[in-house]
Amino acid sequence: MLSLIVFLPIIAGLIILAVPASQKQIIRIVSLLAAIAQGVIAVLIWRQYDPTMAGIVAAPGGSPAGSFQLIERVPWISLNLGSFGPMTIEYFLGVDGLSITMVILTALISIIGILSSWPIQKQVKGYFILFNLLSTAMMGCFVALDFFLFYVFWELMLLPMYFLIGIWGGPNREYAAIKFFLYTLFGSVFMLLVMIGLYFSVVDPLTGHHTFSLVAMASQENYVKGSILGPDSVMWRYAAFIVLFVGFAIKVPMFPFHTWLPDAHVEAPTPISVILAGVLLKLGTYGMMRINFPLFPEVYQAGLYVIGVFGAINIIYGAFCALAQQDLKKMVAYSSISHMGYVLLGLAAANSEGMLGALYQMFNHGTITAMLFLLVGVIYDRAHSRAIDKFGGLATYMPVYAGMVTVAWFASLGLPGLSGFISEAFVFVGSFTSPTTRPIAMVSVLGIVFGAAYLLWSLQRMFLGKRKPDALYELEKDAHGHEHIHFHDWNGKLDLDARELTMLVPLAIIVIVLGIYPMPIMGMLTASINKLVTVLAPVAMSAVN
Amino acid sequence: MEMFTAIGLNHFLTISAILFSLGMFAVMTRKNAIVILMGVELILNAANINFLTFSKYNGGMEGVMFSLFVIVLAAAEAAVALAIVINIFKTFKTVDVSSVDTMKE
Amino acid sequence: MNQLTLSIIFYVFAALTVVSAAFVVFSKNVIYSAFALMFTFFGVAALYVFLSADFIAVTQVVVYVGGILVLLLFGVMFTNTIMQTDLKTDVLHVVPGTILLLLMIAGILYTFYTTGDWMPGEAQLQGSVVQRIGFETMSRYMLPFEMASIVLLVALIGAAFLARYDKVHNKDH
Amino acid sequence: MMHSLIQLSIVVLLLPLLSFVVLIFFNRRLPRMGDFVGVGMLGTAFAISLYIFWNVVVQHYDPAFRVAWDFTWLDFGNVPGVGPLQVKMGIVIDNMTAIMLAMVTLISLLVHVYSTGYMQGDPKYGRFFAYLGIFTFSMLGIVLSDNLFSIYMFWELVGLSSYLLIGFYFYKDSAADAQKKAFLTNRVGDIGMWLGILILYSQFHTFGYQEIFENIAAGKFNMSNAWLTAAGILLFMGCVGKSAQFPLHVWLPDAMEGPTPVSALIHAATMVAAGVYFVGRIFVILTPDALHFIAFIGAVTAFMSATIAITQHDIKRVLAYSTVSQLGYMVMGLGVGAYSAALFHLLTHAFFKACLFLGSGAIIHAMHHEQDMRWMGGLRKQMPWTFATFSIATLALAGLPLTSGFMSKDAILAGALGFASVEGGGIYYIIPVLGFASAAMTAFYMGRQVWLVFFGESRTHLKPAEEHHDDHAHDAHGHDDHGHDDHGSHHGVHEVAWNMRLPLVILATLSTFVVFSPDPLDGAKGWFMHLVPTPSTVIKSEAPKEAVAAVGGKLLAEASTDAAHPAATEAGAEAHGEAAGGHGPVFSDPRQAEIAHATHANHYTAIYLSSGMLVIGIGLALIVYAFGVIDPNRTAQAIRPLYLFSFNKWYWDEIYDATLIKGSMLISRMLAWFDSNIVDGIVNGVATIFRKIAFGMGNVDKYVVDGAVNFTAFFVQTSGAVMRKIQTGKVQTYLVMVMVAVLTYFAVYFVQLMK
């Protein structure tokens, strides 16, 4: 089932390969069908998921079967390395509470992404093939339980993303694409080293051989004493943690490594922005929760304060930078940085409330930011500009659009009743409850105010008040004296059209429903989060050592 | 003087080295695909000289046999390569390899 | 023939080979290159004789001069319209190329001369080896021989196909 | 099994939400744009609330009445270190809830009815009722919540509806500014409140009031007492934002940009009172230090905004500052421990202030959106109903005996006096002094307002033509799309229609004393003070201080007697003329007991003093405006600095603009510059350096890209750039590379041979 959901888009890509490039509509429909099928499978997985099984580490006895769900495990690559013994890389998939929501999110965002790719006219065939490849890679990352497999998917993601930004992007797209590529490649090169180090340090208790299995790696008792990353090799373990953390932090993106994000977003076409912010950023924090922290819990415990400080910097720094932006999309990009800061802060709390808030925030940020970028795309399609100061008074002339924007903007600033609030609230609850991060949490709440400030200010400048004298749209009076809006070269519907509503309304409904009653998503997470917190707890470490 | 008059192994090797390098030079620098092919032939010839030289000074038959196969394969290679060159010419209207760089994209 | 005569003949052929090869490489005119290549092949064939491989030398002349060179000339004819007098070809990066060339020669020769315990073995090849070639071909090198023939066949078919496919392809458009 | 009252309250809660949902989506498809939906739903909600009120207040008539119900909202499972953890949501109904429920739904209903007249003809008429619906929903949520988490949620939702309603005329820049300001200022308060909630949660892992109170009472608060004080003050921050207390009061006057019915409902009667209600809910966990802080903030707010109200010209702005001032009273009342008095004032104030705002709305409506009092006058003949109701409400606000305002304000002032005496005088007397001064000023500016608006001759013709533009800075204007042409003419002034008159009459009726207490001089005899007694604090008090014991030694002795023998309390209370004293609360905490006692003692002092202040205030207003003994303009010139200080609202807007707003923008621009020039600049700069190096190597050109932040990154970046150049697609180039590599190998090999 997991293989199906991972490789469906690739199958669609192969089908598209056989379709002549001139049949654009068929290409789009094939992609959409694959994405919808993926969505259906995601829903089936969701229904079938047993929220009482915790995951994270193997069940007692060392087998993942009692802990993870929908496991698929076959040997993939077997090499005999002579004195090193047999090297096996497994095709090992499975879900637990950490990944189940991400799987659902990825399926959802893929559908939205394909819908929003509809208007793309340039090299449609190539675009959708790459898009499907990207979709597979993302999904694969979230369900892979073998480090090597994870790494393969992780790297596989870069390639289509590079081309999607570099070919279908804006005027400065090559710069942005290269920047994105090098940044993330830089992060993953070191991951490879750590991965190999881990391989030689960990033994699967079931087979007695070295393994790439993340499940085995997550249990500290599987580490060989005296190996490079074994329990007594303190320095190397710190180094490996930091290197892995930086690799994932680039993806998040965390403060000093964030500059690729605004560039990539500004240049990327709307659907790619949606995917990038909706799913890709989550991979960073997902990687931390799945790999970085459970593998090196004692380093994690030592670094809580630092992680929290970086989270707070992200929150406040991102908010301030967003406040100063003139480009709406750049503002939204910085708001992503700010919101991912909440995730980091929640992870630094090291308790269930904070972790749960962080994981829930990952899901909510995915849906909310997808809305934000779609809405930015709407105005960009019409006016070919995203300058915040070049509009004014749009709410009068595009009421449905303005209403949607209001919902999305308020969701983003964390209004209760919308899903973003609950996750942010529990991030704060967790980080305040933990004595380590309490001072950080007290500073970070300022982010709530500044978040509201930049969002409301942009809302006011673009939608409220009257048309600015140098606005990018014209007003025409009809026979009845009513004013109508008019864009220079836009022949479509002025307010949101049916396709845009099809994308936005389900997201808005998700945001509202999960804001009122979050248990459908949250209920799946709790067991895993509690398990994760136990695994990461200092007590568990000292028991092993 | 002895060195120049007594024709020995090194003399042949030197010629082969020069031939090889010249062939390599042609392959590396010339733009015309056919001249490049000629360069390849030179390289093969250089190799053949080496084979035969060592064969002679070792007394074995291996080098002779190999050079024979090399000649056979060179013939095959030339045939196929020329067919490709002609195809390239038909597609690009030139045999200038520097303008045939679609691999770049 | 005494040693000296042999040496002189050797040097003549060696010079012929090297000079004509250089001409092949450095000439700007493709036709000239092709003809110079013929001399190179001859020179190499002569050197083969020096190496007691007269059969190979004959094969060299027959295959290279009679086959490959003619093919190359055909290639030149095909790819350059007769009317187009400018058969010159440009040379890329002459200076780095030449430096590389010299370095290469120097490197190889240095290796030969320093590494070489190229002492001649006790049993040197003497006289004609045609008979031995026939013997070896039918015994020890049976399999490679067959494979070479298959490769030749495949190459021929492939070459024909490439040329033919091209025509079909062109008709499509 | 849910209590039937709970079920009904859920219905009450959800009806306005339903109204919102129906109206926001379908208002254009419904006849009359669906106003009947809003009015009908609110009518039903009010009827049910009235039933709840009847059931709780009249039938039970028990100070300890309490019904609660909750459900598991979030289940965290078995949390390590905590055990099974659930977040519950629930509803609690006690006397205060029942009263607030009735009050909110009543005023909301009246405002709905009123709006059918006031908002008629507005293109977004239907949406207005939708917004009123969501506001009412969130307000009821605040009232019914049984835990801090849900109250925080509804708190922000109220902020949202306030945002939407203030910006109802969002095409006006002033309205768009005001709505943003209101939301952001409230958010500042909210983060304080949120931190307060976090402090409590971090100790007890629960949000429920009841659990928190029990835990604190059981002494399970493990952090120092300073943290508890901080928690109290931080929770109070929420009230500072929402109830527009100093220093976050600046948004409320600007919020008058919203339609007037909104001002009446949200910015006078209900939402701004939510802050006071919330502090009342958490009253028992406030430490004495926190209470002192609250009392001072309240007193300063009351005084400051009263001084500002004196000089304002805009009729709604005067009322807005008076609202701030009255909210200051309530907060002060809570701070000094006069809990029931403060909440009583909340209730009475809601009615008369709503009446005043609706009345001013009627005036504005009749005057064709003229809001400046200088150009009104003489309206009592044209608008007798409005005049009568407005006057009653004014008197209630000023605190004339026989009105409801008198009873509640007097109770607060008595509490302040008692508090000051118990706390040992000195600076604590500032609080009652400020309170009484504000009382006098309230009487003065309300007298001024009534006189300017209703008496004398009409001054409409005096309005200069340019005035409209000059006054942009501080004048709030009505609809832009109609009414401008009518400026300068008053022939259209006439009484408003019945649907706007009826709410005025009802509210004016509710501003009289009979509704609340049989004795016009003592609210404590009424049902409210009986049903909402001051709760006992759950804070463990430290040993009584020596100074306090010395000053109030006698009182302390009495108080401890009170605690030991309830009968003695009754006797003591009766001696002070409190008939209902037998039901008076019994405090185990000595400080609270002292204050309660001192309050009783100061009851009549407060009455005399406040009546005196009233006389001074109204007398001064009459002298200045009615008899013309003192010319206000000349006086203003004489004390110009003071006048300007008051007229410009103590310059708070300017101060905030210069410091916080400009500061934030500056920081944000600096950080954005830092981001694009320093952080990104380092990245790009490094790239540039390596690009240059690469140029030097002769193989790298303009396609070199940046992207690396440290040495390894530089390496990757440079080689990436070189590779990019090398990937020419030409086989020959690749071959050259191979040869170079081979030669390099040779070189290495030779070097090794040499050795």
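Each chain carries a letter (A, B, C and D) given by its place in the written order, and its residues are counted from 1.
The rule is simple: a residue touches a chain if its C-beta (ideal position, glycine included) is under 8 Å from a C-beta of that chain, and two chains touch if they have at least 3 such contacts.
All of these numbers come straight from a predicted model, not from anything done at the bench.
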item: Chain located farthest away, centre of subunit C as origin (C-alpha); value: D
item: Euclidean distance of C-alpha centroids - subunit A vs subunit C, Å; value: 61
item: Computed distance of Cα centres, subunit C from subunit B, in Å; value: 6
item: Distance between chain centroids, defined by C-alpha means - subunit C, subunit D (Å); value: 96
item: Centre-to-centre distance between subunit B and subunit A (centres being mean Cα positions), rounded to whole Å; value: 55
item: Sequence positions of subunit D contacting 2 or more other chains; value: 732, 736, 739
item: Residues of subunit A whose C-beta touches two or more other chains; value: none
item: Set of subunit C residues in contact with two or more other chains; value: 92-93, 97, 100, 104
item: Inter-chain touch pairs (all); value: A-D, B-C, B-D, C-D
item: Residues of subunit B touching subunit D in the complex; value: 24, 27-29, 36, 97-98, 100-105
item: Residue ranges of subunit D in contact with subunit C within the complex; value: 732, 736, 739-740, 743, 746-747, 749-750, 753
item: Residue ranges of subunit C in contact with subunit D within the complex; value: 92-93, 96-97, 100, 103-104, 107, 110-111, 114
item: Of all residues in subunit B, those that touch subunit C in their complex; value: 4-15, 17-26, 28-35, 37-39, 41-42, 45, 48-49, 52-53, 55-59, 61, 64-65, 67-69, 71-80, 82-87, 89-90, 95-96, 98
item: Complex contacts: residues of subunit D adjacent to subunit A; value: 73-82, 85, 149, 152-157, 160, 167, 170-173, 175-177, 179-180, 183-184, 187-188, 190-191, 194-195, 198-199, 201-202, 205, 664-665, 667-669, 671-672, 675, 679-680, 683, 705-709, 712-713, 716-717, 720
